[in-house]
Amino acid sequence: MPKGAIQPAGSLATWSRGRADWSDRAVAVVVWLTALAVTGVFVWILADVLRHGVSGLSWGFLIDGPRDAGRAGGIGPMIVSTLLVLMVCLAVSAPIGVGTAVWLAEFARGGGLLGRLVRRSLDVLAGVPSIVFGLFGNALFCIYLGMGFSILSGGLTLSCMVLPLLIRSCEAGLRAVPDEYRRAAEALGLSRSAVLWRILLPAATPGLVVGLVLGVGRALGETAALLFTSGYVDRMPGSLMDSGRTLSVHIYDLAMNVPGGQSRAYATAIVLISLLMIVNTLTCHLADRWLHRRITRT
Amino acid sequence: MRYGWGAVLLVVFAGVGTYVFSHGLQADPSVPGDGLRGRLVLTGSSTVAPLAGEIAKRFEQLHPGVRVDVQTGGSSRGIADARRGTADIGMASRALKPKETDLTSHTIALDGISIILHSDNPSVALTDEQIAAIYTGKIAKWNQVGGPDAPITVVNKAEGRSTLELFLHHFKLNNEDIHAGIVIGDNQQGILTVAGDPNAIGYVSIGTASYEVSRGTKIRMMPMKGVEPSLANVRNGTFPLSRPLNLVTHGEVSQVAAAFIAFAQSPQVHDLVEAQYFVPIAR
Amino acid sequence: MFRSPGDRLLLGSLRCVSVLAGAVVLLIVVFLLIESWPALRSVGPMRFLTDPSWHPAASDGGGGRFNLIPMLIGTLASTLGAVMLATPVGIASALFCRFYAPRRIATGYRRLLELLTGTPSVVFGLWGLQVLAPLICQWRPPGQSLLAGVLILTMMILPTVALLSESSLNSVPRAYLRGAAALGLSRWAAIRSVVLPAARGGIITAVLLATGRAIGETMAVLMVAGNVVRVPQSVFDPVRTLTANIALELGYAMDIHRSALFVSGLVLMVILTALIGVTEWIGGDRLDA
Amino acid sequence: MNAQSTTEVIRPWTQRRPCCDTSETCIQVQGLSVHYQGQQALGDVSLSIPRGCITAIVGPSGCGKSTFLNCLNRMTDMIPGCTVSGNVRLMGQDIMQNGTDLISLRRRVGMIFQKPNPFPLSIRKNLTFALKHHGMKRRSDRDEAARNALCQVGLWEEVKDRLDAPAQDLSGGQQQRLCLARALVLKPQVLLLDEPSSSLDPVASGVVEDLISQLRGEYTQVIVTHNLAQARRIADHVAVFWTRHGSGQLIEAGPISQVFDDPQHELTATYISGLRG
């Protein structure tokens, strides 16, 4: 289609060939140099992490328990603890997040005092520093509710942290559902619950999944909030009331408290970054699919 | 709907998993063994925690019915938790103070605190007075104590650490008078800091430092009052700045806790103590 | 509007869940207040600003001293520095992806930035402690300093600024670009006069969001900034931020000291709320995720 | 809408216009082909566009009219995967050469798009900032040029009191005239108009159409339109494009009266008689 042949998005590096004015040239040079410098620094960091950590990687490292305070052995229990914390976090935040998103997007659209309040407080929640979540989780879950240092406390704290992320993404997904669907369903005399279950939620799941995956990414990298909630015990957890050390807390401990722990810290970092990379790729893939679906649908 | 089912499955999986884990996988009560059963919570000193963790693991192997949770914090936290009953056993990397007579301490190992310098620093030995002067800012350059013409970077520990308290006590200093250039949290951060700055002076656990020196990290331990900081000198009591690593209990001690403490003081764990570069107690 | 009882039940439960979600922030504030109350009562709010120093556990001379000002300045200085560095570099990165790089390179660069948004802060901190701080130390000791903190923070928030700015550059209608090209404007002229003004709202939001992250960042700063509670005289002086202070001392703090740490958490919340107020006042777009 | 008050009486389409100078060729197109991602969109078009005249490009949707127009100022360069072969000469100079200065080319060849696309700036800035980038240093000069251009498109009286208001506040017809003024302010030789009035209401569309008519002689204009009546009203020459074998091709070109009254090609004949297309 020649007429509609406009590229959707991408670089415009082909803007102009031939003579350009000197300021354009100068800016191009500056921008390229900046990008090169940023790439250089980041590749430097990643290369350092790889160089120090790759020797420690092995299959046993992934499944064994740590020995000698983490200098030997593996990170199996930490991976399990991390996954358990994530599980608790998702099990709690997903229903609350979806419910809130549905309410905000479908029932409190125009505003209303309650809707505005909830929205405003979610905005604030999104900006709360993770260490404050740590303080809060420590005070509420560990001490006040008596859960102690446990995977449960950690997961609940994290679920508070990822909630705004989840709600925003899911709400965006719901808003992308064309109004015609709602009107058509209304005209057919369907109840609101039926519309929600049959039409809105299926249409909004990709947005929810993107939110979930982003939330998982944020939760995986978290140290400060978990240090004071899920604790430090590096044993394989037996139940959710056990304390469990997550990967990022393990990295922190190896780097800061264990003599000779650096190479293991870097190796753990590689595992964690790979996990995050998988999550990121998944996010991109899903987001692309979602966008694609939205375009083909409208 | 492909993603839809994926998401639903994910959430259901998370929910079921949560349920199962909160109910089903508790330690099996019917395990064979010597009948010891229960859970111990240890909190306190980050210096003791890695050692206690290793001891706990071996103890759990011997007594499958017992679980020992080790949380870090600091010595003062360990003492407070033991007193409040939040923890069964507190960990402290110092001796008990006179006003802490309500508690009982059980020494499991000895450690010393060594002044460390960067390995390129030519200064050989400093007197206690010189160290005190450096830490209070009265001596600000290395050439005042026979070193190169460079400013001294004073590395101090953050508030609450017993290493700090011991250091202050030995040199009769007040934390408010210390003129720190860098404040660190844990031992390893101190090692990395000094290894990264040729003009730094810091103090860390001898165990930590000797491990790092043996691995070729660019730090050097400085003799104090002519005594080389080594585990041997800590053991024979000649090193002036040494301390006990203690388990602390309050009042009546449960059978499990008593068993754990006895185990931690027994020769069965000496290899673990030495592996963490501490000095096992002779008994 | 709501015919069936099922609908009413649905709406009721949705509303409950929403209120729960909205109440989390309230709960956080309440707990911070409860926990910081002993300190606020026995020390009084003014002493957090006027005390001679921060020695919360000192036992002599009338108890602890609780001056938060140096750490407040430390937080603001490191945040400001990082934002001032990350904004131009981030916008340049976004322009690079959108206008200057061939498509493949742009995609690769974007992937790199995405990878870095997900890298845990302890990794940045460890790298800063082992590589960056010694480098700075060779130049101006002690190395662990405001500068190191600013640089590490910059690296951490740069991907946020770059990626969000790029998405707002992407949302500038292509018609503007075609219009500019048809007028014979060079690429830079079109960017400066049309694209950047049109994307301004999104870029401002990106920068403010990154500011929030910079204020809240804990571990990396703790590991590289030196943590001395003193008002820095130059960028080579060490600083302690409010977040680092909490992380450094919470595990060791008892009684009033612990309570004082919750006060610094409260101060952080106040700063954050003010920042969000500014965001809404400037009226940037609500950004998703 | 105050657009009506400012324009002359809309002329009936029968009224003939002053003749343009057809003897001189402004743009000479030779064997022009365009591929998008390897797929041919336009095949082997050769056409000469006379100077000072209005040349209408007509044809059904998707037959490559806009693609052809985009080639004339090399906007095709902005579309990745688009390759152009063939020869386009503007006043004898080959613009398809690699070393062509696109910036000066686009100054000489202005373009108006189907949907009005004023920048999100003030009315004044929309007109002046390109001048500034092209090196007109004095502000008063730029304002003067802007004023002239606005007068030329009959917008001056309507907007002179709110030059610093956002251009997006104008009505659709006003926006399109602003875009025309924005092109005129650079004093181009050629104007490319891509269905300039198709997104406007009939009144605004008439105003724009009249403007185009008035600019005859001063500028060489190439207009893509779906509206055959409009082509007949304003154009001097017409080129008919058609999709054949999956790509757009030129099937007939010539003076308006000849093509409309005596079409040589049977597709043209059916198209013009309104049976198809």
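Every chain is named by a letter (A, B, C and D) in the order it is written, and numbering of its residues begins at 1.
In this text, a contact is a pair of C-beta atoms (placed from the backbone, for glycine too) under 8 Å apart; a residue touches a chain by one contact, two chains touch by 3 or more.
This one's a predicted model, so the numbers in the text were calculated from it and none came from an experiment.
Common neighbours of chain A and chain B, listed by label, are C. More C-beta pairs in contact connect the chains of B-C than those of the other pair, out of B-C and C-D.
Of all chains, the one whose mean C-alpha position sits at the greatest distance from that of chain B is D. If you average the CA atoms of chain A and of chain D, the two centres end up 50 Å from each other. Centre-to-centre separation of chain B and chain C, using mean CA positions: 32 Å.
For the pair chain C and chain D, the distance between C-alpha centroids works out to 50 Å. With centres defined as mean CA coordinates, chain D is found 80 Å away from chain B.
Counting only residues that touch two or more partner chains, chain A has 6, 10, 12, 15-16, 20-21, 95, 255-256.
Contact with two or more other chains is made by residues 103, 129-130, 177, 181, 186, 189, 223, 251 of chain C. Across the assembly, chain B contributes 46, 72, 185, 189 as residues in contact with two or more other chains.
Those residues of chain D that touch chain C in the shared complex are 73, 75, 78, 80, 102-107, 110-111, 113, 115, 117-121, 125, 129-130, 133-134, 179, 182-183, 186.
In the complex of the two chains, the chain B residues touching chain C come out as 46, 72-74, 76-77, 80, 150-151, 153, 158-161, 174-176, 180-185, 189, 192-193, 195-200. Against chain C, the residues of chain A that register as touching in their complex are 6, 9-13, 15-16, 20-21, 23-24, 27-28, 30-32, 34-35, 38-39, 41-43, 45-46, 48-49, 95-97, 99-100, 102-104, 107-108, 114, 117-118, 121-125, 127-136, 138-140, 144, 160, 163, 165, 167-169, 172, 191-193, 196, 210-211, 214, 217, 220-224, 227-228, 248, 251-252, 255-256, 262, 265-266, 269, 272-273, 276-277, 279-280, 284.
Listed in rising order, the residues of chain C touching chain D in the complex are 103, 173, 175-186, 189, 193-194, 197-198. Interface residues of chain C facing chain B in the complex, by the touch rule stated above, are 53, 55-58, 60, 65, 129-130, 133-134, 137, 141-144, 222-223, 226-229, 238, 240, 248-249, 251-254, 257.
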